[in-house]
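Next up, some structures in structure tokens.
Below are two complexes that have chain A in common, paired first with chain B and then with chain C.
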Partner chain A sequence: MRKLLLGTTILGLGFGAAEAQTLNILMESVPDTRFVEELLPEFEAATGIDVELEVVNYAEMHTKLVPQLVSPTGSYDVIVVDFYWVGEFAKAGWLQPLDERIAADGFDTSVYFDSLQDLVGQVDGEQLMLPFYNYAMGLTYRHDLLEDPAEQAAFKEKYGIELRVPETWDEYLQQVEFFTRDTDGDGKNDFFGVVNQGLRPDPIAMEWSNYLFANGGRFHDESWQPMLDSPEAVKAVEDYKRNLEEFGPLGAASFGFDEAFNVAAQGKAYSYLTYNMFRTAYDDPSQSAVVDKMEIVAVPNGGLNGAWGWAIPNSSPDPDAAWTFLKWVESPEIAKKRAMLGGSPTRKDVFADEEVLAKYPYYPALENLLATSHNFPVFTYTPQFVEVLGRELSLAVTGEKTAEEAMQTANAELEALLKQDGKL
Partner chain B sequence: MLVRRAAATILPHVVLVVFSAAILLPLLWVLRVSLTDKLTAYRIPPEWTEPRLDNYIEIFTAYRFADWFSNSLIVALASTLLALPLAVAMAYAFARHDTGGAPLRLGVLASQMLPPIVLVVPLFALFLGAGLLNTYAALVIAHLTFNIPFLAWMLVAFFEGEVRQLEEAARIEGATRFQAFIRVSVPLAAPGIMAAGLLGFILSWNEFLLALILSGRATQTLPVGLSSLETHRGVEIALLAAAALLAILPVFVLLPFLRKYLIKGLSLGALK
Partner chain C sequence: MAATLAARDRRFGQLMAAPGLAALLLVIVFPILFTLYTSAFDFTLINPRHDTFVGFAHYARAFGLAEFGNALLVTLWFVVAVVVLEFAVGFLVALMLNAVERGKAVYYAILLCPLLINPVVVGLIWRMFLHPELGIANYVLGLVGLGPVNWLGDPRNAFWTLVVVDIWHQVSFMIVLLLAGLASLPKEPYEAARMEGAGTLACFWHVTLPLMRPVILVTLLIRLIFAVRTYDLVYIMTRGGPGQATDLVSYFIYRQAFVGLNIGQASALAVLLLLIVLVLTAWLYRHMRSLV
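Here is the complex of A and B:
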């Protein structure tokens, strides 16, 4: 027994000592993380710094990060931050401003899309993060069905307009209705115009945000005055409910993105409004029955933006090595290599790169997605607001509240949270 | 008569089959998913394809399954082996001397009623100060916080009742108190100690929250590693199924050896 105790103590000391020479990074499990991992040997060869990359589940990341961030010196030199937490982390002062390092090294931040700089780059004029990868939402749809002459003729006969990649929201809603059908004649729909991710709170809140923007609505005006009781917001709730109930599969009200994606990937839905990184997954034959049949386009009027940013926490044991890593990973060469592996870039130059465009012909659509997307309200209580919005939407969808009632409550609670945060 | 006897044999079996199926079918489904890809796994109605071992290979090559597994093994074994002697001594003290009385016993139980998140932050701060974060030592000590009280509570019953009389008999024969404890009480409680040890091992093997917060890349345990297969771009269901099946392997391997102790241990003292 004594040996064992001694053994564990020695092991413990061993790891403690090894930490000083290495750079520790905490990331979430997502394809871009795997791509960074693949490229790490290049960094280690160029700088001689060893990298320990630790990967955890997204849902558990916040739990793991907070004790680290409140300590004077933690275990991680570099972390990644979801836009959800930007308000909280910035207000708590947990992240090191990067402006001096950027100026000293002449790092060009103008290559990032403005919408991403607003979301996971600058906070109140200070550069706290570098945008890492984006997960802006877009409309994925079956382009093989849109190009089918028989479908085109039937659609034109029914609606009097051409069947084409939807340019307006109403046009899209008509297509959703049109493609919902009973293919085996048993009286029940088995091919759906749309599959929704109606699970509360995050999946429904994120997806519905696209409906809000598509209808011309906004979360708040320039001076943070909430606008969720607007007719546009109410119409967005009604559209969402109708899609879910009449044109979607049974159970979609409790689907997360994984369930919803699998309905689309199994070829059972015409469209799914989702994170753009799923676009590559549709072309992977090990998880998709619709290889080469899905395409992505920006939601009419612009959809919801989303992204992660690189940051150096105040508790970073070695901020200089951390910055060396950030400069490397966000350099044009590495950002391009990551894109070539199938990542979701944030730099405009990567979207304009010829090799990248040749490999991924849908990149202009993704660029348009990013350029037209809108941000979710980023403030200290973003996660709490997602809870509120998810709850109210869920109540409206299940018919326990009318769309007006739900939006009035959401509006009032958003106002209260904004006041609590000093935004109002 | 014959019919009635047949019914008496068949009926319990029908009930047993139904209940076994309720427990085993999900496991069989996981096995099936682990041998397909994600596309086939989600097909409705289910589609049967040629079983493939790709997932079992990929969790070792693309993910660090071997590390997760050995980390879990080290932590669960160390914390159980350290906890057992301490818990045996504690249970003995409670049973024989009523050490600390009811308040201490309740105090030990109360520590088990705290949600683990309450313990996590103080432990994190302590380990940070001691430079033990991201080490096996941190995880082992953290797992002792639930293993010792749990095992001690389980073991108290094994040192009460006839064990006490046999121990007194040994004392009359001239054994010291310590000899009586080591030579008589502990062997008599052995089935209970084995059963408690197995349960302690399983508790530690499955523990998630402490392992999440206190581990680093080198010490990540299975539950933390497995959860990372649930990614921001969907659940890697086929890989997860393969990994989950391998993760329950140790308990499967241990169970036949420990079954007799487990049943004896859990039913001992039931008829007093």
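Here is the complex of A and C:
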């Protein structure tokens, strides 16, 4: 028995040595991960380093990452970090600063959008991550309906204004009301002005943030003083509730983004306020019945920014190989190739690339999303705040609390979390 | 001579049991003690050290958390609903199956299917079925002129939807255990009862139920403890919403630990939950034994 154990250990060690040049990366199952996976053979051919991608659902990522990050040596060489973990990871000191490596290799970080550098690049002047892809939220809508002369005439008659790509929030709300209708005459609406993602905690919290910004509200002022009890925030909750209840499909209060997307992709909704990566998915006939009928535009007043960053954790077994990978995956060539496959770029040069623009004419709109977007509050307890906000919004949407009550609780709990973090 | 043999037997028995007991000690007693210890410290994943002793502060805070109170209440209703309903359905099906002469294996296989499916998969499948616009449940209801039902988007519906899905998933556990009990009952008491002129109902009430009491007790206890721990279904299907309608306590504790990274606080909540389950189990055990 002992011999057997010994033998296995030696075998294990042997394998360990042979696989020293294997990079392990934990990633979320999203389109951009797929595109990176498609490009990996180029990296392996160029460097001789094998890459093992572990791809999991978003819901599992945080739970999987944290134990690996806490231990001195984890199993992941490279990780991807969602913007709302950044404060927490930075505070815990789980990520390796990249500044020295960037300087040594002359890697140019000025190509990234400032808003993304703020979100998933630098923390307190230190470069902890490289922005990987953005998921700034935008308004996706049925441009075929918007451009229909009959609809335009009917809209003008009803509201006295032109039916056009919405430039103000009120205009958009009117369009939502206008397009909600009963097409088969059974007394129930079966085409909806909007589909919402009302599931707790992040789907509703992220989507509602756009309503907050659109109403001119903010999460906090310059000195981190919370501002969620403002009339703008309360109005944003009321707008959200009205859209979901009166102009949306049944059950939207329980929809995650996949369920909401499916409603829009099956041609049952005029609009869906969502992550920009879904713009590409609408044109995929295998998952959409509205190919070439959807377009994306920035939310009036600017929507919510979102992004993932590449990082090397302190527990990385092989940080040098990890940096080799980061340099490769964020090089202009690979970033462009990923964009050509349909990815969401973070580099300005990719957004300006002629080939990319020729293939995806809506990329300037995506660039505009980034340029006008606002950031969610990023601090140590962002994940907890998302929980709080999601819970209170859900209570308001289901009518168990008024919009004021919900926002007062959210404001008080945000204040408590900010104090706990030393921001206040 | 006989005494020494018995003593040697006992020693041998202890020796054989020792590794198992040691393993149990390691995987059950140690984590419980560690949890108790951690609950008295400000132990977070950001600062994972037992360096700040806070005594009973986490326990005191737990009682002040309105969300925890709500989660306990929701869990209580959930546990009562699923245990009672699963027992009722399970016993009925077990009685029917017990009377089946042929093809028992086929019924077993069909009934066991849901139990073999991972809870996460169960949650995902049902979420698809129950999509109000695109799911099959409302489509079928629509064919017979009913619905559409807002399965998960309305607080009251969502709670009962969760209960029903849990029943679908777990009821076969009850069936299998109760059926095993029924199959092992002696035939003689029934024959005697029949001779005395007892009908089916009387047989059930005065023979089956009393004889089945130990099996029923164990079945209820195990199911109760499992039901308190329900977490996966909520996590996949509702995330505790809409509002706080399905915020079960295990999911709440999970959030304290893995979203809040506050392991100390989560440990305190887990200890409280353990105490509650222990008290419940003890009470149920004594109560059921006292029934004659």
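Operating definition for what follows: the second predicted complex is superposed on the first by the 405 of 424 C-alpha atoms of A that agree within 3 Å, B and C clash if a C-alpha of one lies under 4 Å from a C-alpha of the other, contacts with A are read in each partner's own complex, and residues count from 1 in each chain.
Quick note on the criterion: a residue touches a chain if its C-beta (ideal position, glycine included) is under 8 Å from a C-beta of that chain, and two chains touch if they have at least 3 such contacts.
Keep in mind it's a predicted model, so treat the numbers as computed, not measured.
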item: Which superposed partner A:Q266 touches (first chain B, second chain C, both, neither); value: both
item: Residues of chain A touched, compared between chain B and chain C (which is higher); value: B
item: Chain B versus chain C as contact partner of A:A59, first or second or both or neither; value: both
item: First, second, both or neither for A:P231, with chain B first and chain C second; value: neither
item: Contacts of A:P332 with chain B and chain C, given as first, second, both or neither; value: neither
item: First (chain B), second (chain C), both or neither touched by A:P41; value: neither
item: Touching partner for A:P285 - first (chain B), second (chain C), both, neither; value: first
item: First (chain B), second (chain C), both or neither touched by A:P364; value: neither
item: Partner chain(s) touched by A:A253 [first = chain B, second = chain C, both, neither]; value: second
item: Intersection of the chain A residues that touch chain B with those that touch chain C; value: 59, 63, 262, 266
item: Residues of chain A touching chain C in the complex; value: 59, 62-63, 66, 70, 88, 91-92, 198-201, 249-255, 259, 262-263, 266, 268, 380-381, 383-384, 387, 390-391, 394-395, 397-398, 400
item: Chain A partner contacts - residues on chain C that touch it in the complex; value: 45-48, 67, 127, 131-134, 148, 150-155, 158, 235, 238-245, 255, 258-261
item: Residues on chain A engaged by chain B in the complex (per definition of touch); value: 1, 4-5, 8-9, 11-13, 15-16, 19, 24, 28-31, 34, 52-60, 63-64, 67, 71, 73-75, 135, 257-258, 261-262, 265-266, 275, 277-278, 281, 285-289
item: Chain A-facing residues of chain B, complex; value: 37-39, 42-44, 62, 78, 81-82, 85, 120-121, 124-125, 128, 131-138, 140, 209, 212-213, 216-220, 224, 227-235
